[in-house]
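In this document, chain identifiers A, B, C and D correspond to the written order of the chains, with residue numbering beginning at 1 in each.
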Amino acid sequence: MNQTKVKKVLELKHITKKFGDFVANDDISLTVGRGEIHALLGENGAGKSTLMNVVFGMYQPDGGAISVYENETKIENPNHAIHLGIGMVHQHFKLIENFTVTENIILGMEPKDGIRINMKAAVKEVSDISTKYGLKVDPTSKIENLPVGMQQKVEILKCLYRGANLLIFDEPTAVLTPDEIGELLQIMKKLVAEGKSIILITHKLKEIMQVANKCTVIRKGKFIASVDVAETNEEELAELMVGKNLSREIEKAAYNPQATVLEIKQLTSFSASKKRVLDDINLTVAAGEILGIAGVDGNGQSELVEAIVKMHAFEEGDILINGVSVKEKTTREIYESGVSYVPADRHKHGLVLDNNIAENLILIEYYKEKHNQGIRLDKVRMYQEAREAMQNYDIRAKNEYTVVRGMSGGNQQKVILSREISRDPKLLIIVQPTRGLDIGAIDFIHRQIVRLRDKGVAVLLVSFELEEILTLSDRIAIIFDGKIVGETKPETTTDRELGLMMAGKGSGEE
Amino acid sequence: MEKVKKKTKNSNVIVPVIAVLIALVIGAIVMVIGGYNPLIAYQSLVTKVFGSVYDIGETIRAIIPLLLSGLAVAVANKAGIFNIGVDGQIIMGAVSSLLVGTLIEMPPILHGIVAILVGVVAGGLWGVLVAALKTKFGINEVISSIMLNYIALYFSHILIKNFATQEGTQRSAMIKESAGITFPSLNEVFNGARIHWGFFLVPFIIFAFYYFFEKTRWGYETKVVGLNPNAASYAGIRVNRIMTRTMFLSGALGGLVGTLDTLGVYGYVAISSSTSGIGFDGVAIALLGGNSALGTTLSGILIGALNYGSQGMQFGAGVPSEIIGIVISLIIFFVAAPGIVKAALPKKPLHKEEAK
Amino acid sequence: MVANIISGSLIFATALLFGALGGMLSERAGVTNLGVEGFMISGAFFSAIGANFAESMGMGGFSPWIGLLSAFVFTSLFSGMHALATLKYKADHVISGVVINLLAANFTFFLVKLLFDGAADTPRLRNMFAKVNIPVLSDIPFIGDALFRSYPTTYLAFILVFAIGFYFFRTPAGLRLRGVGENPGSIDTAGINVMKIKFWAVMLSGSISSLGGATIVLTTNGNFSFNTIAGQGFIAIAAVILGRWNPYGVMMGALLFGFAQSIKDQIQILDFASAIPTEFFYMLPYIVTLLALIFTGRKTRGPKALGVHYDASVR
Amino acid sequence: ACGSGGSSNSSESGTTAGKEFKVGMVTDLGSVNDKSFNQSAWEGLQKLQADFGYDVKYLEPQSDAEVEPSLLQFVNSGTDLTWATAATLADAVTNIAKNNPDAKLGIVDADIEGIDNIVSISFKENEGAFLAGIVAASMSETDKIGFIGGMEIPVIQRFQAGFEAGVREIKPDAEIVVNYAGVFNRVDIGKSAASTMYNDGVDVIFHAAGGTGNGIFNEAQERFKAGEKVWVIGVDKDQSLEFGNDVTLTSMIKNVDNAVYEVSKQAAEGEFPGGQVVRLGLAENGVGLADTSDINVPKEVLDVVESYKEKIISGEITVPEQP
């Protein structure tokens, strides 16, 4: 088989995959050609990841066939897929955090010296590949010390190290900063120029327009269309994806800030290892405005937000909510003073995955009188309110007894959002509210945020997505290395300008 | 160890029943191999458990500590803490109630109540020590509770030797009669079986356990802490405080075990060179019962009865009591891995015959 | 006297070290191992049986080695159960460990009664391991007495520490094993069979732990009875946690216990000792451990995927 | 197959025909084959069966709480005499005896006085240990002598007291090193304790530490093989039978089997010594040194032992019970 001559690198024919009675992939076909970037588009839960897991040998299809290099093949397991030249970058990175970059990359194909790993050779090989493809990483640093963007490069290097010719990227940009996204798209172009092929799953239409050659759209497990990207536009793709016309404009009332709700004064704090993580931060958020915090992940955002709710201790400065310092207060008392907080990590903080929807909805206020009758929780009311919340916030699940773990990310996020909004906050702190969600869900959540702001709630929005910051914020503060390095307004700035500031003022590129 | 959760819960009623049956059959096979008669053995087991009012009373008496110990482990599990230190908490409960029962003069009944309370609190505080080591110093509860078990054991010896010695014996002095918590009249009805206050306390505790975890906000927050401590602290729940409180409750149940046995069964505390092991049985019982009130109760009853009945097997059929130990471990094994039971069953289950 | 303490510490530490190394191995592969006690009981039992058999075959001084080997081989009965339950049938690791402990105890006691006519212990071995003096080294003043006059099993245990250290941190297989305990998904997507690694780790875990039980029988006890192993398996688990799942750390943990245990005898023969309640000396090893944890402690982080069932289709 | 009498709820298959004398025995938490007390008592019962065809049976309770039900199992199944073979069972025996005035019970190693249906057998360990002390002191070359006890409890302290008194009698200046292991069942701890003592210059160790004591023999044997000469004095039974004569100097024995045998026989003959405490010391041949002592102990020493034995029996010497 001469792999360089064939045109079709991968062909999926009528793939069907069921989970029990549920059909996740229903008769899906698509073809990926050599040197092609093939986008895969679909709502949350449409079946994209499932389909790719079938290609990578993690799942066996219940029907249909797969051809690799025009040979029909049953892909037994990931090992088999790797041998066939398929590599996959999973959305949730499959990296071992306390291993080094090199150790992660060589796993399974370790260069040997007798019975030992030849670590020198490994490090050299890794740096060779990384220079060849322009994926700069330090082969000896530990994964846990690397920012996400770097981690992703490691994932790509893993595939390349294994000689992958077809790379599958499952939502690679969801966690990246604008700069990193730009860089990644460049890398992809470089890879296809080298003769590799790519399948790209993303919810961001702009990216598809930028790099993809073809785009296959699936909806609720079914194949909808395969289109040439050159012959389509964002609106058409969005419509194919959700099956109806989406208005993408969000209407905002005129900017009308009122009294200051949140005031942060000279806030300084240190990490456990005595590193200065917040450095003299001064910020205010007024009622009726959205302050966006732009910045690359890991520059102090989470500490800042957690300091406000007393999950992170701070040493100097003060935080006032409606003029009252949080210093002497507990997390619960801060919430009681009118703060709602949507955390960045819904699985780690926002939800108790093994509890059901109703139980998650009372997570913050379960102890309050309204939820209790004497010493017992008022479960009748709890489930009643859950039913209402599910309707008001379009939470899609079988019923209010559904355990949250099995729900899609978007619906999980809606559970948190409805809980936090229904508490009638004066200050809403919301971090990465739409990470990994599809357009429909994003739109819904954005509208909810704006609605609150219009109602006079002070909103502190932290996001790594510039687009999100730009569409929602009234004012934007840029955080870098624990400091606020600039403040601006969305009308008077651009992606590029913001990007530079987020990278620490200097030039983003070297 | 963090994930002790409710994994056994998915198994329906069928699996445990079949697990028990298979385990008994395997036990029988082992007996045959060993040259014993399994029929007589099982018959004597049943006789021993149900054979007379005395035995019924004693069976319940044997069940009580195991069941309570299971609940003690289950309580901690709910908050994500793996308490294998119940043995130590039992000792602390026992020795504290003993001291109250021997050193202090009080009117009957009141004396018993006070002794129980002191024992329960002592066990609880011993549990709190585990929580404190965990929350203050980040020490894994498995290590600390193992260490504390031994420390409690020898500490109790010091206490007994210094404050409640009984010359010439390997045990403490007897508690004062006023501290006893038996029902002399009921004991007579049960032909001398050691019926004590625990018989009436335990149903109440089972219900309280159920009510606490299924109905109250305190149960709710405890379970949140157990399922996701990060989410709990995000929600403003003071995780350390809940863990401490839960370990108090868990230790208190352990303390109660020691208290009831001391005041209601023995009347003394023995100077023994090892811990009772009831706490470890409790781990098995809680896990078998899926940490729920009902499950733990049922598994406590089952294991307690089998344990007690095993003496009958030895008497009636000469079968070593280890056989029952084997049967018990197999039951737990099969319930924990229901796949094995299902694999062992004929492919088409019973329904088929009924359908025909 | 210091040399005595060190030499005593080594001997007490040996059994714990085997138990702990075994426990660590399986936990590093993500399978919680609360069954160390059971594995040690099994090891003690089978080593007694094996050595006895070898004696009866006239193998004399070689029979302890047969005992060691029997422990290693036959304990796979129990480690196989643990592997089957946790890996194939997805039983909770902790429950399975508890079952192993219960089953090993009851099964071996039952067999002893059955095989030896109702006896409570196996017949006394005539041939046990004798201390071996390492030539030259054992003649070094002080150090020789402290370190180089010991049982073969002690040397074996400490060699094993370094062997496992080498395996963990220098070989491909070790890299993969550690990876499995941290993030099996990563290993799986690298095309490596996760279950196979876990399976062998659990199997070896049982066998290595069993050597701890065998050590007790073959160096100190000379036979197996129902209290030959009385909680040492749990102390071994404590040593694993104390040593943070690192072979060298585990070694230090086991040595700490050994030290605390042997110092008790040394102190007790001193004159002032009579003023202190004896029980205090019994508590000493456990108090020392707690103090060690308090001062070195803080967060002990185990392998990240410890106790979690791996299933490629669950994220 | 249930009994014919009606009151019996025994499910055993044997005969309940009436004539046969039935003796039961409940062990402490050890096993009946513990090479010590339980076993010795059981051997006494087995001898009864061999000699007179009595029906004998035992139960091994698994926890303290099971002791009473086990005793009752015998009592209720019409057993004529039920033995409890340890001091720890005394409370249970007293209880059962009070509630079942028709039952006959016996207890070994405890003093229960004044209850008509209980006979107690107890031993003057201090007297036997005194003789062991004489031997130890006479044989020691280093004049450093060890005692290792299981737990620091009154019975064991009696051993210690007698032993120390015996040693002092011969060598008032000898150093006596005492170690309490804290457990009766940890061989490794016994071994380590012995190792420490031998290293310290002790050359004779007397133990009263149950299974823990096995470790002392193991340590001594190891040293013997390495060419060192050290001694152990065994306890309860003639331990040279198990551990050989290389290291076993002598053993201080308690004749449990004889005592049980004799008292059971009396009961069968209708002369049950109820309410009494049969206290067995040197005079009653309840304690003493093992017959095999002459293998390692020279005749001169044994003669000295014999002379002290007579002085104790005659009351000329009273052996202390407290160290």
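Heads up, the rule we're going with is that a contact is a pair of C-beta atoms (placed from the backbone, for glycine too) under 8 Å apart; a residue touches a chain by one contact, two chains touch by 3 or more.
On a predicted model such as this, the values are computed, not experimentally measured, just so you know.
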Both-way neighbours, i.e. chains that touch chain D and touch chain B: C
Approximate Å spacing (C-alpha centroids) for the pair chain A, chain D: 75
Gap in Å, rounded to a whole number, between the CA centres of chain D and chain C: 35
Interchain centroid distance [CA atoms averaged], chain A/chain C, Å: 45
Distance from the mean Cα position of chain B to that of chain A, given in whole angstrom: 47
Contacts with two or more other chains, residues of chain B listed in rising order: 5, 154, 161, 274
Residues of chain A touching at least two other chains: none
Shared-contact residues (touching 2 or more other chains) in chain D: 152, 182-183, 185
Pairs of chains, among all present, that meet the touch criterion: A-B, A-C, B-C, B-D, C-D
Chain C partner contacts - residues on chain A that touch it in the complex: 53, 56, 58-59, 77-83, 88, 90, 92, 94-99, 103-104, 106-110, 112, 115-117, 158, 162
Sites on chain C touched by chain B in the complex: 32, 34, 81, 84-85, 88-96, 98-99, 101-103, 105-107, 109-110, 113-114, 227, 230-231, 234-235, 237-238, 241-242, 277, 279-280, 282-283, 285-287, 289-290, 293-294, 297-300, 306-308
Residue ranges of chain A in contact with chain B within the complex: 309, 311, 330-332, 334-335, 341, 343, 348-355, 359, 362-364, 366-367, 371-372, 375-377, 379
Residues on chain B engaged by chain D in the complex (per definition of touch): 40, 43-44, 47-48, 51-52, 54-55, 58, 61-62, 65, 154, 161, 167-171, 174, 192, 194, 261, 265-268, 270-274, 276, 307-308, 310-312, 314-316, 321
For the chain D and chain B complex, residues of the former touching the latter: 9-13, 57, 59-66, 68-70, 72-73, 76-77, 87-88, 90-91, 95, 99, 110-111, 150-155, 182-185
